[in-house]
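The following pair of complexes shares a single chain, chain A, combined with chain B in the former and chain C in the latter.
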Partner chain A sequence: MNLAAHSASMAETIVFAILSAGVLVGGLLTVTRRNPVSAVMCLVLTFAALAGLFATLSAHFLAVLQILVYAGAVMVLFIFVVMMVNREESTPIARQGLVTRAAGVLAAGYVFYRVAWLVSHERTLPLLAASATPPVKDFGTVSAVGALLFADFLFPFEAISLLLLLAVVGGVMLTRHVREDHSSRVS
Partner chain B sequence: MPTYAYILVSLALFFVGAAGVLLRRNVLIVLMSVEMQLAAGTLALLSFSRALGDQKGHVFAFFVMALAAAEAAVGLAIVVSVFRTRRTASLDEVNGLKG
Partner chain C sequence: MPQTTQLFGYGQLGFGIAAAIIKILVFVVLFAMGLASLLTWLERRQSAMMQDRLGPNRANLGRWRAWGLLHFVADALKMMFKEDFIPPKANRFLFTLAPILALAPPLIVLAIIPFGAPLCWGHMREAVPLGTCAQPVDLQIARLDVGVLFYFAFASLSIYGATLAGWASYNKWALMGGMRAASQMISYEVTMGMAVLAMFVCYGTLEPGAMVAQQGPAPWQWGILRGIPHFIAFFLFFAASFAETKRTPFDIPEGESEIVGYFVEYSGLRFGMFYLGEFLEVIGSSALMVTIFLGGWQIWGASVLPNWAHVLLSMLVWGAKVFLFCGLQLLVRWTLPRFRADQLMRLGWQRLLPISIANVVLAACWQMWIH
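Moving on, here comes the complex of A and B:
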C-alpha cells in the first residue's frame, strides 16, 4: 500500500516534470525563433503542455478550453496573420535601444529571482505546500464550474460576452478595406 | 505536486514572456509573448484555486481566457491594418506616436 502510494507520487512527479519542461522549453523556443511560423508551433507546444498541467490541477474544464481556445482557435488566427505579414527578420533582436531593453530584462530577471526565491523560501506555508486532493466534490468539472458561472458570476459572464462582441466588431472595423477613401491612407 | 512548484513554473513562463515582450521587435512574437504571460497568470490562478479548494479561481481563469482571445483578435487586426499602410511588422519602424 505504501509502495503503491509512493510509486503514484513518483509518477505524478515525472508527469509534472515532463509537462513543465514542455511549457518552459516551448516558451523559450517561441521567444527565440527567427521565423514566426516556428514560433507559433512552439507556442502550440507550450499551450498543449499547459493544458496538461491544468489537468493535473484537476481543472478538467479549463484544460479542454485551453486546447480548444488557445491551441486551436487563437493559434489558427496567429497562423493566418503570420501568413499575411510574414517578413523574416535579419536580426531577431534589433540593436536600436538595446541598452534600455537589456536594462528592462535585467530588472525583470531580478524581480523573477526575488519572487522565485520568496516562493521557494516560504514553501512550507499551508497555501504553498498544499497538494492534497480538493475537498469539493466534482472539483473543476464542467457542471461545477458552469453552475458557479451561471449563478454567482452571471453578470461578469454577460459582460465578457459583450467584450467578445466588441472585439469581433472592432476586428472587422480595423481590417475593413475602405476603397472610396484613398486620401486618408498613408502610403 | 505541491502548489509552490506550479507557482514557480508559472513565474518562469511569465518572465520568459516578459523577456519576449521587451526584447523582440517582431510585433507577432510580442503578441505571442503577451499570450504566454496571460496563460502563466491562468496557471497561477488554477493552482491557488486547488490549494484553497475554491472553484472561483476557475471562473476567473475562464474570464482571463476570454480576455486573451479578445486581445488576440483586436491585436492581430491592428497588426494587419498597420501592415497594410506601412508594409512592416517591426516595432522599430512603427513609432508614429513617439514624442
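Moving on, here comes the complex of A and C:
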C-alpha cells in the first residue's frame, strides 16, 4: 500500500469514528435531556452525523436528503410544535411507572439483541456479503437514484406520494373545520 | 522527496487538501467575509444617501478617511469588547448554540459556488481554451454531484439559529420573533426549491459548475434568457431567497420597530454573528443566482489570454456580478416597507408557490418543445 492510499484509508477511519460517535452521543442525549428543545437539537446532531456516514458510503444524494428533509424540515417542525406547547422542564413527557420502564428496557434489549445478531452473523449472511463488494461507478448519484425511482420502483414511489397527498389534504381539512367554527363564533 | 511528489503531485490526496485550503482561504475568508463586513458599512452609508443623511463617515486612520470605510473595523472592535451578557433565566447551552447555527450554514453553502474559470495546472502561462486542459483545478471548493441540493440542505439548517435564539432567550418578544422566523423560512424554502427546479429541467444537471459551463458570456446566453419559464423562475427565486435572508420587506421576524426580534437579548460578538450571518446569506444567495441565472464567471474572449489572466479576469467578472446583486438587495431593503404577517403567508403559499409549481410544468413542456 503506498503512502497516499494509506493516509486516505486512515482518514476514512478517523472520519467514521467521529461520525459514529456523533450518532451515538446524539441519540443518547436525545433520550436523557429533560428540556424538549435540547432533546430535539441532539436528534438533529444524530441526523447530521448519519448524513455524514451516508456520504462516506458514497450515497451523496441520500446524505443531502437526510439533512434537507429530516434535519432541515421535519426537526424544525418538531421545534415549532415544542415551542408552541411550551412545557415546563420539570414536567416529564413520558409516564414513569414501573411497568412502562420495564417495557422500555425490554424493547430496547430486544432491538439490541437483533442488531447484535445481525452484526455477528454479517459474514455468513448472503445479502450483506454481496453488498460488501465495491459499488458501481455512478452508485448514489442523483441520476442513478432518479432512474431507480422513476423506472424500477415507479409504482411504490407514486403510491407513497399519493398517500402523502392524502395526509396533507386530511390535515388541511381538520384545521379548516376548526377555523370556520371559530370565525362563525366571532361574527 | 519521492514521497512528497507522490502525496502532493496533481490528483493526489495532499494536492487536493492543499488546493481546498487555499480555495477556502481566498473565497470564504478573504472574499465572502470581507464583502460581508464591507456590506455592513455599505448598507448604513447607502441608507443615509437615500434618506438625505450623512451616515457613518468618521472612522479614519489619521488623515486617511475613505468615506468612513473603516467603520466596519471599528464596529467589529466595539462588538468584541462589549459585555457579553446572557440573561439569567436563559438556557445557556441553546443561547450559545444559536449564533453559531446562524453563522455556520451561510459559510458552508459557499462550498459549491464556482467562482472562476478552471485553473490549468502546469500550463498557467499559456492560453488554454476552455475544456481542453489536461490537469484542471476547478475554482470551486466542492464539486458535488448533488450540487444545488447541498445549498438547500445547509441553508435550511440556518432556521435553527433564529428559532433557537428566540426560544432560549426567555423573552416573549424574542420567542415571537423566533416563531415568525421558523414559519417564514419554512414557507419560502418550498418556493425557492420549486423555482430552481425549472432550471434543473433546463440544464439537466444539479451541479453549479456544469450549469455555468452550459451558459455563455453574453447576456442572451445566460440561464435567465433561456425562455419564459426560466425568466419567471429567476424572479420567484429572487423573492423567495429575499424572504430567506429575513430582510425588509420580509423582516417580520426582526420587526425592528415592533418586537426587535429573535436576537433582542443578544449583545457583543454574539449579536455580531447574527449580523454577519445575515450579510453572508445575502452574498450566498446572490452568488447562487449569478451562478444559475446570470452566467457565473463566463467572460468573452479571455481564453486567448494566458491562463492565469483568464482566471483572474473571470474571478473579477464573477465578483462584480455578485457585488452588484448585493447592492440591489440593499436597495430593495431601503425602498419597500415591511409586509404584515398574514400578507407574507398569503404571498408565500397562495401566490408564489402555485406560480412556481405551474412554472415547473411550463418549463418541462418548454423543454419538450425544444427537443
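Convention: the second predicted complex is superposed on the first by the 137 of 187 C-alpha atoms of A that agree within 3 Å, B and C clash if a C-alpha of one lies under 4 Å from a C-alpha of the other, contacts with A are read in each partner's own complex, and residues count from 1 in each chain.
Operating definition for what follows: a residue touches a chain if its C-beta (ideal position, glycine included) is under 8 Å from a C-beta of that chain, and two chains touch if they have at least 3 such contacts.
As the structure is a prediction and not an experimental result, all values here were calculated from the model.
Once chain A of one complex is fitted onto chain A of the other, the partner contacts of A:V142 are limited to chain C, with no touch recorded for chain B.
When the two complexes are overlaid, the chain among chain B and chain C that reaches more residues of chain A is B.
After overlaying the two complexes on the shared chain, residue contacts for A:T13 are found with chain B alone; chain C is out of touch. Judged by the touch definition given at the top, the superposed model places A:L50 against chain B, while chain C stays out of reach. Once the two complexes are overlaid on the shared chain, A:A167 sits against chain B while remaining clear of chain C. When the two structures are aligned on the shared chain, A:F112 is found in touch with chain B, with no touch to chain C. Looking at the shared chain after the overlay, A:V23 reaches chain B, while chain C stays out of its contact range. Applying the stated contact rule after C-alpha superposition, one finds that A:L77 touches each of chain B and chain C. With both structures placed on the common chain, the touch criterion links A:A39 to chain B but leaves chain C unconnected. Looking at the shared chain after the overlay, A:L154 reaches neither chain B nor chain C. Chain A residues 61, 65, 73, 77, 84 lie at the interface with chain B in one structure and with chain C in the other. Across the complex, chain C is touched by residues 2-4, 7-8, 11, 35, 37-38, 41, 44, 60-61, 63-65, 67-68, 71-73, 76-77, 79-80, 83-84, 141-142 of chain A. Contact residues of chain A toward chain B in the complex are 12-13, 16, 20, 23-24, 27-28, 30-31, 33, 36, 39-40, 43, 46-47, 50, 53-54, 56-59, 61-62, 65-66, 69-70, 73-74, 77-78, 81-82, 84-85, 87, 89, 92-94, 96-97, 101, 104-105, 108-109, 111-112, 115-116, 119-120, 122-123, 127-131, 134-136, 139-140, 144-145, 148-149, 152-153, 156, 160, 163-164, 166-168, 170-172, 174-175, 185-187. Those residues of chain B whose C-beta lies close enough to touch chain A in the complex are 1-9, 11-20, 22-26, 28-29, 31-33, 35-36, 39, 42-43, 46-56, 58-59, 61-63, 65-74, 76-81, 83, 85-86, 88-90, 92.
On the side of chain C, the complex with chain A involves touching residues 3, 6-7, 12-14, 91, 93-94, 97, 144-146, 149-150, 152-154, 156-157, 159-160, 163-164, 166-168, 175, 178-179, 182-183, 186, 189, 206.
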